[in-house]
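Same chain, two partners: chain A is paired with chain B first, then with chain C.
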Partner chain A sequence: MSDRVEILERRAGGVDIITVKGRLDAGSSERVEERINHLLDAGGRSLLVSLCDLDYISSSGLRVLLATLKRLKRDGGALRIACAQPQILEVFTMAGFHRIFSIFPDEAAALDEFAAGP
Partner chain B sequence: MAELTVRAKLPALAAIADFLEETLAESGDEMVFAVQLAVDEACSNTILYGYPDGEAGTITVTCTVDDDVVSVIITDDGVAFDPLSAPPPLLDIPAEERPIGGLGVHFIRTVMDSVSYARTGDRNVLSMEKRRAGSS
Partner chain C sequence: MALSGFNDMFFVLLQMICVIVVAAYLISRTASFTEVLERRVTWKGQAILVLLFGALSIYGTESGITILGATANVRDLGPMVGGLACGPVVGLGAGLIGAAYRFSLGGFTALPCAAATILAGLFGGLIFLLVGKKFIGMHGAVLFAIGTEAFHMGLTLAICRPLEQALTVVEGVALPMIIANATGVFIFAFIIANLITERQTKAERDSFLSELERKKAELRIAHDIQMSFLPERLPEVPGVDLAALALPAKEVGGDFYDAIPLPGNRTALVIADVSGKGVPAALFMALSRTVMRANTLVPRSAREAVSEANALIAADAKSGMFVTLFYGVVDPGVKTLTYVNAGHNPPFLFRAGGGRPVELKGTGIILGVMPEAEYGEETVTLASGDLLVCYTDGVTEAINPNEEQFGERRLIETIMGCRDLPAGEVIDRILEAVTQFSGDEPQFDDQTLIVMRVA
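Now for the complex of A and B:
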């Protein structure tokens, strides 16, 4: 099977929410990046990436998130991540990314933080 | 010993993950996670950069589960490349200043206990080991 990623988009209270399920690896990261860039090209500045149902992430997936963070910071936007999966969080920690990303245990907590300000 | 040979194309990454999950089913979630990550990072590098002329070759992954250690050997017929020669990433600088890249090898070194590289004939050979929990 060649494609094990599912990407869902929705909006809530002015926040674009991208949910990535399955595997975010070198084979799927380009597709995820395209979807995110499409949203940002359309003017999105508040982005929540939900990894609550992600099974696997590699450095290729982290690169997409880092590029997104850099772009949003440059454009005055905000990126927040929802994730409570221990093995996904372990990969963030190994990369030192737990210090540079705003990570919340679930989507509701992340959305509350958007409501509270940038 | 279990062995899998795949074409060096991106869709093979999921098949490699399945192969390792099956082979390491008795070794615990933490072992599966670590070996899948290390092998995925190594094979991603090979697939993305090992065949600059465009014609993908083959990657063979062998996985051996002994009482105290899991051993993985990855061989490919891509261009000669020692991933262990890459400099370590800078983990403590602000996001805006970070170069994108260099993380994959850092992950391999972090989750595995030993990693070594050799060029044997026309193949890259990356050997990795991780001790099983409870063994010393």
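Now for the complex of A and C:
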């Protein structure tokens, strides 16, 4: 199942942007987690996870986002999520993630927030 | 042995090769040689190898073919291989034995032949040291044999007088000796190189198997932990027909359910899904289940029980562990269900009158994330014949070979097709539908169900 996820990385103004496309489930979450941890190990403290083309997220996917959030909070960084589709937002809402994550409608809005400070 | 024709020489060489093959096989399988491969140096092992390769050197002298008073032979083979494969001590020792035997026979080339044999063993040993105390490999060994024999010929020309006689001898034996020794070293090198590869492959396979064993053991432990924390059987709940099922997947060990009798004939139903896999998830499941259970024992509202459990679980949650949990208290006396849904897939409540189910949606955040999180609680009234179906996402996210999900729609349709059956049979029908849908696709996540019908 893991070949149904696509992970892209880029940087914009000191912010690491990870775009996850496809499905973030038990089969692909480990790969996504590795990529994110790799970025954080390299010293990344401002992370934007862009979900414009994410079609599906399972509890394994939620766990990866949560672990990332906890790690960044501990290290004084910030995680923002942008551009989640309605069905992803529904899962976030069901899990209560909208209360602990900074969720933005698009990447530009999220990047503006980074510019404004953590 | 006098050379009487090409055929004779061919058969003698063939005979020599057979002996070398057998010697190479036997020597390479001795305990002493194994010690060398494992880089364990013992004096006893070295002494045995010196004797074996020395004996091979004597055989090389004895089996030689005499040409014009000089002999084409494989005397240098034992010391060369001994040195290349086992180091300078074995090479030199075998060389000395071979040289002493050759020297005792006397003859025109006694001195250069004896010297060449000693040096062959010594050089072999030095190459062993030079490449990092290991066997140089097949190609290197054969080139070394050719070089050593050429050197042997040069030594004969340099030492033996008159030069004309030395030239005649070298002309006669140079090519056969180079070919015979190179062939002998090739045979040895081939067998030794194979042995080394074989041992490496075995070592890799062993470590792979033990890793596999470890993973299997971990999965078994996770599975055992999970199963030991599920209720052995459901309590008799007055006023309702209750059934539950837990089908753990191979790698994931996080679902659990519970049915806890409360005072006043009430019963708390719990269904939950812990994130993660393996032993960590199983332990987190054990912790969550115990904490949740303990918090139902103190008389308090559903909302307080879940809030308190969350605070305790959050204090222990590491690396993003969390648990989605539905907690519902059934009171058959007043026919109500009071529930807290902490981020769990909304259970379905099918009303006795028919129609689409009501979803018992979230009233708070998943457990283990925010220690101070507040949870809401909702109460629905129950009527005789109402059917409550709680499930984990392993059921709805079961996939078929086309990688489509079973989904909530199919789950609802399946239940609507058997909504009047007893709770246990509803579970059977759901399981049947999921299994049929999945086909040969392996079960990816735990599948857990609780079904309750109001009597």
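Definition applied: the second predicted complex is superposed on the first by the 115 of 118 C-alpha atoms of A that agree within 3 Å, B and C clash if a C-alpha of one lies under 4 Å from a C-alpha of the other, contacts with A are read in each partner's own complex, and residues count from 1 in each chain.
Note that contacts are C-beta pairs under 8 Å (C-beta built on N, C-alpha and C of every residue); 3 or more make two chains touch, one makes a residue touch a chain.
What you see is a predicted model, and the numbers here were worked out from it, not measured in a lab.
Residue contacts after overlaying the shared chain place A:Q87 against chain B, while chain C stays out of touching range. By the touch criterion defined above, A:A95 lies against chain B and chain C together after alignment on the C-alpha atoms of chain A.
In the superposition on chain A, A:S59 makes contact with both chain B and chain C. In the superposition on chain A, contact is made by A:K73 with chain B only, not with chain C. Put simply, chain A uses residues 1, 4, 25-27, 58-60, 62-63, 66-67, 69-70, 94-96, 100 to touch chain B in one complex and chain C in the other. Interface residues of chain B facing chain A in the complex, by the touch rule stated above, are 10-11, 13-15, 17, 29, 33, 36-37, 40-41, 44, 47-48, 89, 91-92, 94-96, 98, 100-101, 103-104, 106-107, 110-111. Chain contact summary for the complex, chain A toward chain B: residues 1-4, 23, 25-27, 56, 58-60, 62-63, 66-67, 69-70, 73-74, 87, 90-91, 94-96, 100. Residues of chain C touching chain A in their complex: 252, 273, 275-277, 319-322, 324, 342-343, 345-346, 361-362, 364-366, 369-370, 373, 393, 397, 399, 403, 444-445.
Interface of chain A with chain C (complex): residues 1, 4, 25-27, 58-60, 62-70, 93-97, 99-100.
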